[in-house]
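Before anything else, here is the set of structures, which you'll find just below.
What follows is a pair of complexes built around chain A, which joins chain B in one and chain C in the other.
Showing the complex of A and B:
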């Protein structure tokens, strides 16, 4: 990581005697933020780590009993929880693959001289800026079997989307693809515009075909930025809660965050939900770690 | 591309332009449908085939803001004539506005939820961007021990799934009475956006040449003066962009709001879906609420268009 360090002042100089020293300014600027994040992000996690070893239920006033690793053992041997993880994995793969295809495809189409390109790009980016919960709710009307415009446009009659156990997860993923393909498109466009034009010119002189040009020039050069998009979207899709929770109550579309929410705030199994939260947390941190390592690698170039 | 274009390339270009237009139309269709449903009379919202051409009405917005009940019998001509225009449009839809004993119009839950969203989003944005700017400057200009680890720590707090953080926060808030309060939600959103604003602002700070401040220091400014008089004005665009991103995130947030608020401090995202209860929902009212809620974000997206890339990638990718 490139550190831009300002020339430090000689302690005995007149400049250093004026005002606060650099060290105290640095501490004054950085420490409050770190403290704030520790108090409101890390401390609660320590608090819930404690609860994850108990049978605490927030809905009763009964004292929490220490149960050791029982919650973790129960969760890891619970087939329902595993099926929630499997559903989540399936969801992540479908929606990230869909976003990659649509996003990169549209970026390839957009990567040329098009009248009103700036306006079109901004319009295409609109879905990802909107609230998942509120727009997701409206997709319920679009998916409605009897008067939804999706069935009408595709001529599907009264095809069930959200109340169909087989289709619910795909319908949620489809909405997610609509919302987040623009993100992949945005990153792809940045990657595509950074490919040096002379490479294409050289390929044209060598009479390279479009496929050769795409697989040997475009794709390798855009790959790092696509990778960022994929890891980032994987992380977000893994955490998906809003969209799936609002769109459907099908058990076949019960993602791990929804299971966690129900366990904590509907069944009030507070202790056990804290344990599940920790299992999820470790997974997210692992993906985040990969993401940040990758970001730093790309940044260095 | 090669300077000389073959005719097949030109054809391909035309096909691509048509395809782009088609994709844009498909992507915007759901948003258009929200906007158009918000101006439809109720009986045209759920028709087959879908109604595209209609006489726009303002009645969904009147209904959005007021409490209503079904009319058992049509209003008497005198009652109808005496009613203001906004009450008449509700009468036309077979409903009447509920009034209290003094004849005061009863508001629906929407305006207060919208206000809550504004209060929480604006306050948390100011706090997150304020603290984030200082911290980003600290990381950008001074040597910090374990800088990479600290920055990872800061980012990782943002990556936590909201429900994971919400469980202990809910218990702690319940213990100190911060549940369903503006302050509680503001703290959560500030923490959430702070990490983002540090990362984004650090990118903007790194771009300001440190020679500017060095020149100011030589001219007799203290470091603090240099920060406030030289660096902050230079960073103004970055601060504005970061603020808009933080605002949008807080404005759109759903999971924390669903868990932490129920009524008094409830924001619009959990409120709007809760209006779709049993029975046939009035989609025109939901569309009107959605439309008003999405409008600020749509406007901000246009203002932000040149910064979207770096904002969405935590400042990692710059144009």
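Showing the complex of A and C:
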């Protein structure tokens, strides 16, 4: 497979005239990318792994001392870090489930012949094209208890969305659902339009009800692509920073990435924050792996 | 091949040309500060310096939330983008022990800066460690937390009568923290969309700590012993517990959604007719007497942080000193600027432009005290201020304070004693980790 990917050079091309071979052209394109990756991704990744075993602080000139697994031990026994993880898990579940529900629901509604379908779909995609920070700033205004439009429209008076410790996380998740449901919708639409029409016709002939059709035909065939949406959204939701950071400062909505930011760039505990970043990385990798396994299973069916 | 070589050489030439042009203007100094009005005033003062000496001063700014991060990122990289930095008082420890700041002790002694500037500003903006007589900055912008209030609400005869009937004394600028609480309660009328008081509650950096400190210091409490790093019996003393409860009590009378408020929100409380009184740094008061930014400018008054139950009166310190960055290539030129800056005439100009001078002579002069409605309160405050820890790990201490106090203040979790006992334990552990005191 891999060998057929490299097509031979057109003999009459300028590159061929200069005497460049296929291999050297390939290298010319790939080597800079790989170098870039190594310098800006792989090297810092490995370097920070080293730091995670030290008490290094970037803000002082003191030398870094090797402390072994101390940072990992401290972090994993810190109740605040655990509560950050619990908050993040809750946030991921609410936000991804919400997006899946809303996104797939809207896709079902759009998956038929309606006038202005193209325009409608494009307009629905707008939220995910905005910058996270901008969305955070204007949702903060929408949620405002004194003059926010949400309370006004819903007649909630001075309901405190963001300063109520019990509500803050849901408010952030709601914003995330608003922003990223279109992404799930887009993927679902692609999946839905790929379901062969003759299956529905056959189901209609057999007088299958709408629920039966949905659970036996639509859902199983769209599942793989929905799984991809879930993987992407879970990874992203796990790393959410800007939205939550801008919207609220409630400790009940302090996601793990916010804690990481504070540790690394406000407290300058460089060594310990590297360790925390690794713990987060391992968790994201593990969760993604479970999903990928499941995705492969779904595909096999 | 030759073509490639030529273009490559041309490219290198261009890069070199761009690189050298940065160094072309030798006589230019860059000062880094946060993005706010005083930075603009400093730029104007810098323009005066350029007129006199030909050395161009550029004040580079960044929004407050990024200020600390950006400055330390540059320090940690040993970058020379900034020749001087107007750093927060809490940075002294990290700046000096980290080798980021130039030692200004000789400069201080030679020019007797300790006598020129108000004592509290020298102690908190310049000296580290406390009491060591080693100096790392020149006090530049004096600042502390004060209060603004709605004169028209306070002076309304009907309100005065109702207040007297309810509390038994005259409605006036609060004489102590009890009066502050009573007035806040009195004006708190959610049905009329009028609220009692605006305080700091943001827990993302030092806002919450500064607000709480106002109560703590005036109640006679302390964060700890700055020399021995002992915190037990200080931060969890009875006085501190009473202070935390008094500050939490004020939260009841704040406008709705007041759980992430700092200087912007607190000034809005006055400009948007939300609250009767509002806590804020003096540095943010100029916009409150400006009719363009405050429709209630004529009706806005100011007072210093009132005393607590035992008559102690202190306020939380804000403000900054200016330090020379040790990675700067132009330290000599920067020193000359500082020599010019501490002159009496310069300090007068600085005050006239809107900067909060720390010069004792200017502060005491009647012309300064009468220049604005809040200058007198500022003068009174600057001689009774106290500050947060300035050790290099201050950010961890701040985070622990936020972590403990916020859930109690806003979420009502636990009691004041539990909160402060837990905070004392956190701080003890942190000081132990860095080998301080014990």
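The rule we apply is simple: the second predicted complex is superposed on the first by the 267 of 301 C-alpha atoms of A that agree within 3 Å, B and C clash if a C-alpha of one lies under 4 Å from a C-alpha of the other, contacts with A are read in each partner's own complex, and residues count from 1 in each chain.
Basically, a contact is a pair of C-beta atoms (placed from the backbone, for glycine too) under 8 Å apart; a residue touches a chain by one contact, two chains touch by 3 or more.
Bear in mind that the values here come from a model prediction, so they are computed numbers and not experimental data.
Engineer: In the superposed arrangement, does A:222 touch chain B (first), chain C (second), both or neither?
Structural biologist: Neither partner.
Engineer: Once the shared chain is lined up, is A:58 touching chain B (first), chain C (second), both, or neither of them?
Structural biologist: Both partners.
Engineer: In the overlay, answer first, second, both or neither for which of chain B and chain C A:296 touches.
Structural biologist: In the superposition, A:296 contacts chain B only.
Engineer: Of the two partner chains, chain B (first) and chain C (second), which one does A:80 touch, if any: first, second, both, or neither?
Structural biologist: Second partner only.
Engineer: Can A:265 be said to touch chain B (first), chain C (second), both, or neither?
Structural biologist: Once the two structures are laid over each other on A, A:265 reaches both partners.
Engineer: Considering only the touch criterion stated at the top, classify A:171 as touching first (chain B), second (chain C), both, or neither.
Structural biologist: neither
Engineer: Which partner, chain B or chain C, touches the larger number of chain A residues?
Structural biologist: Residues of chain A touched, chain B against chain C: more for B.
Engineer: Quick check on the superposed pair: does A:25 touch chain B, chain C, both, or neither? Answer first, second, both or neither.
Structural biologist: first
Engineer: State whether A:146 touches chain B only (first), chain C only (second), both chains, or neither.
Structural biologist: Touch status of A:146: both partners.
Engineer: Which holds for A:160: it touches chain B only (first), chain C only (second), both, or neither?
Structural biologist: A:160 sits against chain C, while chain B stays out of touch.
Engineer: Residue by residue on chain A, keep only those touching chain B in one complex and chain C in the other, then list them.
Structural biologist: 58, 144, 146, 265
Engineer: Enumerate the contact residues on chain B facing chain A in the complex.
Structural biologist: Residues of chain B touching chain A: 1-3, 13, 16-17, 19-21, 23-24, 27-31, 33-34, 37, 46-50, 131-132, 134-135, 137-144, 147-148, 150-157, 159-172, 174, 187-188, 190-191, 194-195, 198, 206, 210, 213-214, 217-218, 220, 222-225, 227, 248, 251-252, 254-255, 259, 268-270, 272-273, 276, 283, 286-287, 290, 293-294, 297-298, 300-302, 305, 308-309, 312-314, 316-317, 319.
Engineer: Given the complex with chain C, which residues does chain A contribute to the contact?
Structural biologist: Result: residues 57-62, 80, 144-146, 158, 160-165, 245, 248-252, 262, 265-269 of chain A touch chain C.
Engineer: In the complex of these two chains, what residues of chain C are touching chain A?
Structural biologist: Answer in residue numbers: 68-69, 72-73, 75-76, 94, 97-99, 190, 193, 202-205, 255-260, 274, 392-393, 395-396, 398-399, 403, 406-407, 410-411.
Engineer: Sort out for me which residues of chain A touch chain B in the complex.
Structural biologist: 1-7, 9, 15, 18-20, 22-23, 25-26, 28-30, 32-34, 36-37, 40-42, 44-45, 47-48, 51, 58, 106, 109-110, 112-115, 118, 120-135, 137-142, 144, 146-147, 149, 152, 178, 182-183, 186-187, 190, 197, 200-201, 204-205, 225, 228, 232, 235, 238-239, 241-242, 246, 257, 260-261, 264-265, 270, 273-274, 277, 280-281, 284-285, 288-289, 291-292, 295-296, 298-299
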